[in-house]
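To keep things simple, chains are lettered A, B and C as they appear, and every chain counts its residues starting from 1.
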Amino acid sequence: MELLLDILFNGVAIGSVLLVAALGLAIVFGLMGVINLAHGELMMVGAYTTYVTQLVFKLPLLKPYYNSYLIISIFLAFIVSGVVGIILEKTIIRKLYGSPLETLLATWGVSLILQQFVRSVPLAYGAGLIISLVLALFIPTLFPLKIKDSINVKYYNLSAWIISAFSGVLTASWISSSISRLSRPDSRNVDVTAPAWMRGQIEILGTNFPKTRLIIILITLISVIAITLFLNQSAWGLRIRAVTQNRQMSDCLGISTEKVDILTFGIGSGLAGVAGVAVSLLGSVGPNVGGNYIVGCFMVVVLGGVGNLLGTIIASFGIGIMTDLIGAGRLLTIWPQMPLPLATTIDFFATTSMARVMIFTLIVIFLQFKPTGLFPQKGRMVEN
Amino acid sequence: MSLNRLNLNKITTLSIWIILIAVIIAAPTILPVFRLNLLGRYLSLAIVALGVDLIWGFTGLLSLGQGIFFALGGYCAAMYLQITSSSEFPNNIPEFFALYGVNNLPFFWEPFKSPLFTLIAIWLVPALIAGMLGFLVFRNRIKGVYFSILTQAALLVFFNLFNGQQKLINGTNGLKTDVTQLFGQMVGSESIQRLFFWITAILVIAAWFFSKWVVKGRFGNILIGIRDDEPRVRFTGYNPVIFKTIIFSIAGGLAGISGALYTVQSGIVSPQFMTVPFSIEMVIWVAVGGRGTLLGAILGAVFINYAKSLVSEALPASWMFIQGGLFILVVTALPEGVLGWMKGDGPRNLLQRFGFKRKIETYPSLEVNNKEEN
Amino acid sequence: MNNKSLLNLIDITVSFEGFLALNKLNLNLLKGELRAVIGPNGAGKTTFLDVITGKVKPTKGEVIFKGKSLIGRKEHKIARLGVGRKFQSPRIFENLTVKENLEISVTTPKSPLNLINKKIKNDQLDEIERLMKIVNLSQRVNSKAGSLSHGQKQWLEIAMLVGQKPDLMLVDEPVAGLTDEETDLTADLLKSLSGENTVVVIDHDMEFIRRLESNVSVLNQGTVLCEGTMETIQKDKKVIDVYLGRPED
């Protein structure tokens, strides 16, 4: 019983990391048909955001609120990764709708640039740049309609840009002067430490569970619920679904498909940022942190059936539980008297990387029987 | 007009070939050994790029897992070299086995004692594995991005598999070849490396002729048909699964040859050949050179890798930015690649932009009529 | 069953998540027959072709072609048995030349070995010449098919269909987007093909269907509403209600 609970918990913990990481990917891939290989790097951006937030909250000014930095960094990571995603959409992805293979290659290029960016640019400057970009995107939305229609709009835009740039430079110089660690480029891995209340273990049903794992599960749960509610209950969610179903018709009905594209991609990217917060709690953060997850995320999406949130959830937990079962050699514990050849085989796969080999192989075998995943899209339009 | 265009294309292609062959012939005398060795490596990469062009440029299958077949070819070559140079080590087996306390040669090493078997295995093993994997995937009509994702997953599977097997193939350390013996000399020695340069150069040209032979005529047209409209090919009575499996298998075989040549010239094969970035890079060589042009694949592989080594020597940090930018640029601005751009309207449009007027194309009949009026 | 029967659809039902695209459809085609199939949008015309060519597997029912069941066969196997299909919008290989397109269609056997090894047979070359003359594309032999006009593309696809030498030709809206003159020529072409071949034409264009002078099947809500000559179906009350509309409307 205890063992079963253990497997279930570990599986769910592994699965929830996968799920929160795959969630944004599932949205971007499922709703927009974009293969975003930079998704892992958007996670990395989220993880670094957590790291910077943590350091900022160690400053005397914010020290009293240090315990709550993680909650704030979830929102910040969502915004930062979301804004990076929006810029990506506005500059590159937009030109490539309808050709997923091209998005795959272009976003790979973006991922290389983002990786090298955090290696060779001081994080303080990065933070400043992000502040400028957020403001530059945000301020023009505050203009009243009257200004937007007038001919003077370019002056307003210009002033908005100047304010944004100025705030960015200010932030960058403030951070780099007050936190010397962030003023130099640093390609080594960094560590995010959870605040004291999140460290240690908690006892449930006689078993000890690490608190960080529970928090990750919680983050995942909230993200899934929020995104489900947003897509199914809100007006913008309806618009997003409408554009997914029939872009031209939605356009004719007065839905701004451009805004919907930005929003969808922004949310998908923002979720990657949230996943980055979760990932930063598990180990050290480095430029390659996202790359470790990306293939697993795509496996989740393909296994679950593209464009199906429920499938994504089941697939991530399925993969999570299987990883624990195989990777930790659990079957041997469950059934100690198993015949020797079988035991050797299981032993052979009882490491994290070999478990991956086994699981990917199982997925490929599974796709032999259900090529479109657990929950395929149906109907006559599928072929096209 | 179209005749004119055709001639222009032929002249371009021909002059590129002349330059390429001139470089290959001149290189051994002009370049220092170190640079010659680099050029040889990059030429060997041109062979895997030809395979990528066959499956992606012509057939529309974007594989992100060519590293698997590349590495397999490399391992085949390295196993032969290690095993034939192991007479002075304990148990007459390669040195690394002793580190892990292995006394008996694993069974799958045995056949690699034969040079003939090795020469066949270098291309046949990757081709067979590619064919098998391909068949399983194509049979289920998994295509487009799903195919790409699955090949990437397969790459990760093979990487982890090879990375973890110390006792069988020295795991993450890989197999060294530069200290092994061939024809009584060190493989890393200058004379052997010069020999390998020539072998590589000849094989690149042979691989080009082979690829050209594959894609010309009706077989190649079916590949293009599959790329552009696969269901239509099916309704015409062809089985795309078989065609795709064959071409994927051919690309796998080419990757194997390429990997073997690269291994003997770089001195080691390791699971690093099967990392995700390397396999994606192969795609960008072809994309930059011009997909569906074959010659573009060769040029792309050689030039980008040469540029990479030059830039990395001068400004190590900037290569990632340049490479990233290259991916974005080629997809958004230059989808036909450099060679495709040159063969198309690219140069004319560029000239036009600088004020050179373009000749207006007219129907031949109109031109004739004009003359009659005059 | 009739000896001369070429294709027999028995109680075909196709359901997409509960929506019945075809509902107990029955249809019998004789050898050499020219048959027009009409029906309002969503009547299941294209699904009907999808079922015969193997693209869609029916939920229930049986398709018998030349005495063999087609259910469960792959598309290319069905094509090799002798079912050819022309698509609604012209689907030709735009990056290949006219000649290469036709080569693909006339080549037999359609195995990779045959394609890579041997030169195209002389009689197949002659067939290509003949087809290009029929559809008036001899001047454009080496043009990329993508550069042809819409009408030329439609004809190239018809030529490709004929080149396949199928026993049964399924032609989906062959005159969509054609000029009146081209429409007439197409009608004559299809008429001349029947007799030797069995042809099924799907279209909305009433004038065109009338010109075919063939038997007409009217499809509605996934089932055959009525069958007969153009005159009979035009008088049929059910057909008038769902499709043709009353003259005074």
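Going forward, a contact is a pair of C-beta atoms (placed from the backbone, for glycine too) under 8 Å apart; a residue touches a chain by one contact, two chains touch by 3 or more.
On a predicted model such as this, the values are computed, not experimentally measured, just so you know.
Here B is the chain whose Cα centre lies closest to the centre of all protein Cα atoms. When every chain is reduced to the mean of its CA atoms, the largest separation from subunit A belongs to C.
Separation between the centroids of subunit B and subunit C, computed from CA atoms only, is 43 Å.
Averaged C-alpha coordinates give centres for subunit A and subunit B that are 33 Å from one another. Measuring from the averaged C-alpha position of subunit A to that of subunit C gives a distance of 49 Å.
Counting partner chains per residue, subunit C has residues 55 touching two or more of them. Within subunit B, contacts with two or more other chains are made by residues 231. Annotation for subunit A: residues 383 touch two or more other chains.
Those residues of subunit B that touch subunit A in the shared complex are 62, 136-137, 139-142, 144-146, 148-150, 152-154, 156-157, 160-161, 163-164, 231, 276-277, 280, 283-284, 287, 317, 320-321, 323-328, 330-332, 335. Subunit B contributes residues 214, 217-219, 221-222, 224-225, 228-229, 231-240, 242-243, 246 to its touches with subunit C in the complex. By the touch criterion given at the top, residues 53, 55, 74-76, 79-80, 84-85, 87, 91-96, 100, 103-105, 107, 110-112, 115-116, 120, 160, 164 of subunit C touch subunit B in their complex.
On the subunit A side of its complex with subunit B, the touching residues are 35, 92, 95-96, 100-102, 104-106, 108-113, 115-116, 119-120, 291, 295, 298-299, 302, 351, 353-354, 356-357, 360-361, 363-364, 367-368, 371, 383.
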